[in-house]
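Look at the two complexes coming up: subunit A is in both, with subunit B in one and subunit C in the other.
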Partner chain A sequence: MATSKLAAAARRNEFIANTIVVVLAIITLLPFLWFVVMSFKPADDIFAGIDGFFFKPTLENYTSLWSDRFASSMMNSFITSSVSTILALLIGTPGAYALSRATMKQERTMSLLILASRMAPPVAFAIPYFLVYRYMGLLDTRLGLIIVYLTFNLALVVWLMRNFFDGTPRALEEAAWIDGASLWKTFMVIVLPMSGPALVTTAILCFLYSWNDFFFALTLTRNNAMTAPVEVVNFMNYEGWEWGKIAAGGTLIMVPVLAFSLLMRKYLVAGMTAGAVKG
Partner chain B sequence: MNSSKTGSNKTAVDTAVSAGVFRRDVLRVALAGSAMAAMGLRAPAVLAQTKQFSGTTLRIAAFQHIFHTYIQKLLPEFEEQTGMKVEFDLQAFPVYNQRMDLELSTHGSSYDVCNITHSFSGRWISAGWMTPFNDFLSDPNKTAADFNPDDFVSGTQVAYYNDKKELHGFAWEAGAMMMAASRFDILDKQGIAMPTTLAELTEVCKATHNKSGVSAFVVDRLHHWNFPPYLMGFGGKVFRDPPKDLMPVLDSPEAIEAATYYANLLSNYCPPGVLSYTDDQAMRNQLAGRANLRINAMSWLLPLAKSDDSKVKDTVRFALMPAGPKGSFPACNANAYGIPAGSKQKDAAWAFIQWATSKKTFEKTALEMGGLATPRRSIIEDPRYKQALTINGQDIAAMYLDVLERSGRDGYMAYRTVPVWPQAGEKINKAIERIASGQADAATSMKSAQAEAIEDIKKAGVKL
Partner chain C sequence: MNGVRIEGVKKAYGAVNVIHGVSIDIEDGEFVTLVGPSGCGKSTLLRMIAGLETISDGTINIAGRVVNDVPPKDRDIAMVFQNYALYPHMTVAENMGFSLKLQKTDKAKIKSAVDGAAEILDLTKLLDRYPKQLSGGQRQRVAMGRAIVRDPEVFLFDEPLSNLDAKLRVQMRSEIKGLHQRLKTTTVYVTHDQIEAMTMADKIVVMRDGKVEQVGKPLDLYDRPANLFVAGFIGSPSMNFIPAEWTNGKVVTQGGIELPSASSAGGAIGNRKIVYGIRPEHMTIAASGIPATVSIVEPTGAETVLLLKVGETSVTAVVKDRTTAKPGDRIFLQFQPGAEHMFDAAGGARLS
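And now, the complex of A and B:
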């Protein structure tokens, strides 16, 4: 009797918990859903209120995007985000490993210095970057954006990966050294293969930062290197906002990150919890 | 309507001189014109020499607007004539303003010509970031005899003078506030005419709201553009005496009365959710016939009669902004081409501006291509223009010219072109939202707006 009461209480609690999760998920996802639905609406139905609830879906907003310069801005976003993420991982991961394993007096100071680029708001860096880039001819270039994103992503990579390396046992590395492996070979053959989930998580976070950046792209580009988030704002014209295109552009911007995150979700969860428990 | 004829026969010189706004410039230009006439109306050297700018690449920055699309179509003839190559860098309005503010404030030379956005004109010009045109205008070798700066209606040009009365821009687009009823048939059925006063406007809204499922009024959330005409109509002001005295006066009894009136329109006679409406949303409500009256610039109202999406082409009617107890103050703005101070190709830039804002070019953009928000009087008074703007038997061109002249003559738009206008404008937006949403009464909200505006203006370095 007591057992069945406990089971009933457990079922009730589970039901309440599930209901709360579903409600929270709906509240969180509703704006996205509204946005996606809007991207398939004809212009007339976008602000039709209840009248616009039922509509004939159209791809017009998506097709008209590709006749504009949106495609090249997506390409700019993809190139600058990918290259800056790859470079940040290539440079930052060995750096994080070195910081994790080295015994230096100023190790904490050095770690804080690396984090300095994330301590101030982007606007504090925008004007210095703008002036230097103008002098160096890097304004409105993909290279210019890659350098900025790399600068900010490096700190993220170093700090995330360092925490991960701190939490991994050193016994395997020591065994490799006893077998005659060099430090570099140990890192490449033993440490990196274990770091998959953490690397994926870090890569996604770096890519997200670069992909979603608006401020630096707004300040440091014009037409040639303009990225997709800025291009979407370009549909907010003086003579009226092109809501359909804004929704379609926003939806397209979400798709790659969403797809990548879904594909890598197994690693993402593992990476999020990696290093949480030491030893 | 009758006032549309007021001063319509005056030239911009008469209007400007009578207002005492830029007397010396007008005289200087007039003298230069006379000198050129005495020289036998020869074309200036700079334009007479074909391909004088061969090898020059001119970079122009502006916000996306149909006028620039027209200009780009016409560019080959200009490039052929001058030999220069012209590159346009067009961005969305908010993006452009942000980028150009940074570019100009760092004395950049990336652009030779840029749009001077009306609400930024005070900031950009008074800071010395733009090039004065006076030397160009007084040099017959650089300015064509038939350019005729007096042809620009005064209201489109006042924002582009600094305190030394030096001109820094020529308008390529003008906005004149008026009122449109998308469903005049609803008023007509009840024997009601278009309202001419704010008191009548309230009565019309009361009588027609939610008749046939149509909201009586609609407005967008840009209250800093929409509200000041009501404010001035009740005798209030944004600043005490702009540009000399920038002390805000948003908590005056007149301002509180105006805010109460305006918020009442928003709360009681607009569609639900109006506080979040963009201008596009407000316009679409009218286009679909779901909202009736709206007061905005002509360019935002003309789609009611001209757009393929409009379901109200036959029922739309226009009128001037209704007058308050202290008069009618319809808003007017204009965006102009200017030359950044850092430009290294100023002669070429001036040649472009002359061409792009010449009567010939406006004839093509306004009369042939359909860009009707034009700043030149000779175009507005052209019979073809009048024909294009005669809508359902109404002469909209006359209303448009009246508003442009009135704002130039009376100078009441000065509040909008001072460098600290964005700070005050933002406070107006918030104050109106607080009142219309019931968060605060008008007196409390406007007093808060006043205090916040003073604080922000002081932060910007202005001594009050």
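And now, the complex of A and C:
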């Protein structure tokens, strides 16, 4: 039967495609898995080769982290990332909306300039920041890090949200104006509620950018405001490299990244504006 | 004066003029359609009345007040958009009550206004639904409900039926007309569909290239179009235009066929080249008259559309009687006496 032949061919192709995906996933995830497994190994088994393949899982690497400064560095990471994200959204979203609806001649150039600040290599900013911060006493403070992250996240927010606003139908806003809403009210009551998914996606990207930052935290903090990624590196010291702690710390840092990535997958499926205009 | 008065209104985007001094008087309670081909400026004019576009020159007066610098929310208007523009995150009831909520009307009053409008539009069962759960026709009704709830001075419609299928369009057309007869609110309705304009309006404004071509009652426009453009735009199928020459009271085509002219204008026209206009429905097949060759026969049941050649000119005739004419047949046409229109071949202006 021709149909069953076709069906068999389709099944075979699907099988081949799935196999390739699984193999690629294993190749990509293997270092990550090895890292996570390592975090549960007793220190002696970490480089035990084949003998270390079978081990008794332990939480000692994690518990030793909490007695260390690691907890406070996680806190620093969390505070700087969240605050910079929230501020970037608060300032950037109305800005993006204004840029999207503006009828200025140079509006496209302005948007590009804002994005350009995001493209420059961090090292170009690090030294000026360091010098200015030293002068202002912002070195090794959470506020200092928040300001740095804010400048970068703001560019991201303006760019992403502007593109989103460009794609939303203006008729809705015009309808709201005619219904009696002011410009600001229209933004708050009509535009923002429709932007939920875009805002969440943007917020997650901002948070992850700050959370994953290593370079600025390394150059601009010493002790008080040190974030988790830098703290992990400090486990490599002259007394020896504490691989167990490095693995446990790294795994903990990855948790929010994973959680947010899963969340984002859900939110990336747009559909909020379905039904607003002719559908 | 209530209603809307538009005086010498112009609109320019930079150096490009899109509306060139338009003046229209819309009486209180009148249903006026702005009709014309796309790009004629009718939607721009409507958006200027709404306050969504600035006015480059001239004045717009709503209910006795010049509104040139009044923001949309203070113009006491309601608008129905082509794509409905329903707020996707609000239910039907919230959509309809939004304007009252902004005015800080108390909840009981909003509810009674929304319920009232919902009843008129048969939306009562849908009040808790979201726009995405509605069909096109229902969304259209909600958009109208949102306008009704406000009880505005003027309703503005921007091609509200163009996203609906043909059957629904005819139904909604009657509903909008019925609604206007009931509420008697001044209405400005933009459409590119001359049938919509003819069937709904008290007064039609025909526009082209940012200028008003003619203003009048639907049947006046049909009976006495001011120029070739209006003559060709109003009526379906369009009026036939036959190039001809007016010589001493006689109309003769370039092919030498004499066309009937009972026109009283007679001698006032003077000898010149003209365009002779006759509507398809004003022709009948007869035993003698103007000779024509049948090209295509389109029976629609109620009537038959014939595509013919009179000399070198293609003409369309709509006849009530069933006909046995076949492509290639030679037939004779009679024109209804006095139904002809004469236009100046040079400027297109009406002569008779």
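The working rule: the second predicted complex is superposed on the first by the 262 of 279 C-alpha atoms of A that agree within 3 Å, B and C clash if a C-alpha of one lies under 4 Å from a C-alpha of the other, contacts with A are read in each partner's own complex, and residues count from 1 in each chain.
Just so we're on the same page, a contact is a pair of C-beta atoms (placed from the backbone, for glycine too) under 8 Å apart; a residue touches a chain by one contact, two chains touch by 3 or more.
It should be emphasised that the depicted structure is a prediction, and the values quoted were computed from it without experimental measurement.
Visitor: Once the structures are superposed on A, label A:L172 by its partner contacts, choosing first (subunit B), second (subunit C), both or neither.
Guide: Second partner only.
Visitor: Please indicate which partner A:L218 is in contact with in the superposed arrangement: first for subunit B, second for subunit C, both, or neither.
Guide: First partner only, subunit B.
Visitor: Which partner does A:I190 reach: the first (subunit B), the second (subunit C), both, or neither?
Guide: second
Visitor: Quick one: classify A:T28 as touching subunit B (first), subunit C (second), both or neither.
Guide: In the superposed model, A:T28 contacts neither subunit B nor subunit C.
Visitor: Tell me the contact category for A:A181 with respect to subunit B and subunit C: first, second, both or neither.
Guide: Touch status of A:A181: second partner only.
Visitor: Quick check on the superposed pair: does A:T3 touch subunit B, subunit C, both, or neither? Answer first, second, both or neither.
Guide: So A:T3 meets neither subunit B nor subunit C here.
Visitor: Considering only touches as defined above, state whether A:Q106 meets subunit B (first), subunit C (second), both or neither.
Guide: Neither partner.
Visitor: Report, in rising order, the residues of subunit A that make contact with subunit B in one complex and with subunit C in the other.
Guide: none
Visitor: Under the stated contact criterion, what part of subunit A meets subunit B in this complex?
Guide: 43-44, 46-48, 127, 130-131, 134, 139, 218-219, 222-223, 230, 233-241, 243
Visitor: For the complex, which residues does subunit B have touching subunit A?
Guide: Its residues touching subunit A are 63-66, 89, 91-95, 98-99, 102, 106, 108, 110, 278-281, 283-285, 288, 299-300, 309.
Visitor: State the interface residues of subunit C toward subunit A in the complex, per the touch definition above.
Guide: It is residues 50-52, 71-73, 75, 77-79, 81-89, 98-99, 102-103, 130-134, 136, 139, 146, 150, 163 of subunit C that touch subunit A.
Visitor: Inside the complex, what are the residues of subunit A that reach subunit C?
Guide: Interface residues on subunit A, with respect to subunit C: 169, 171-172, 174-182, 185, 190, 193-194, 272-279.
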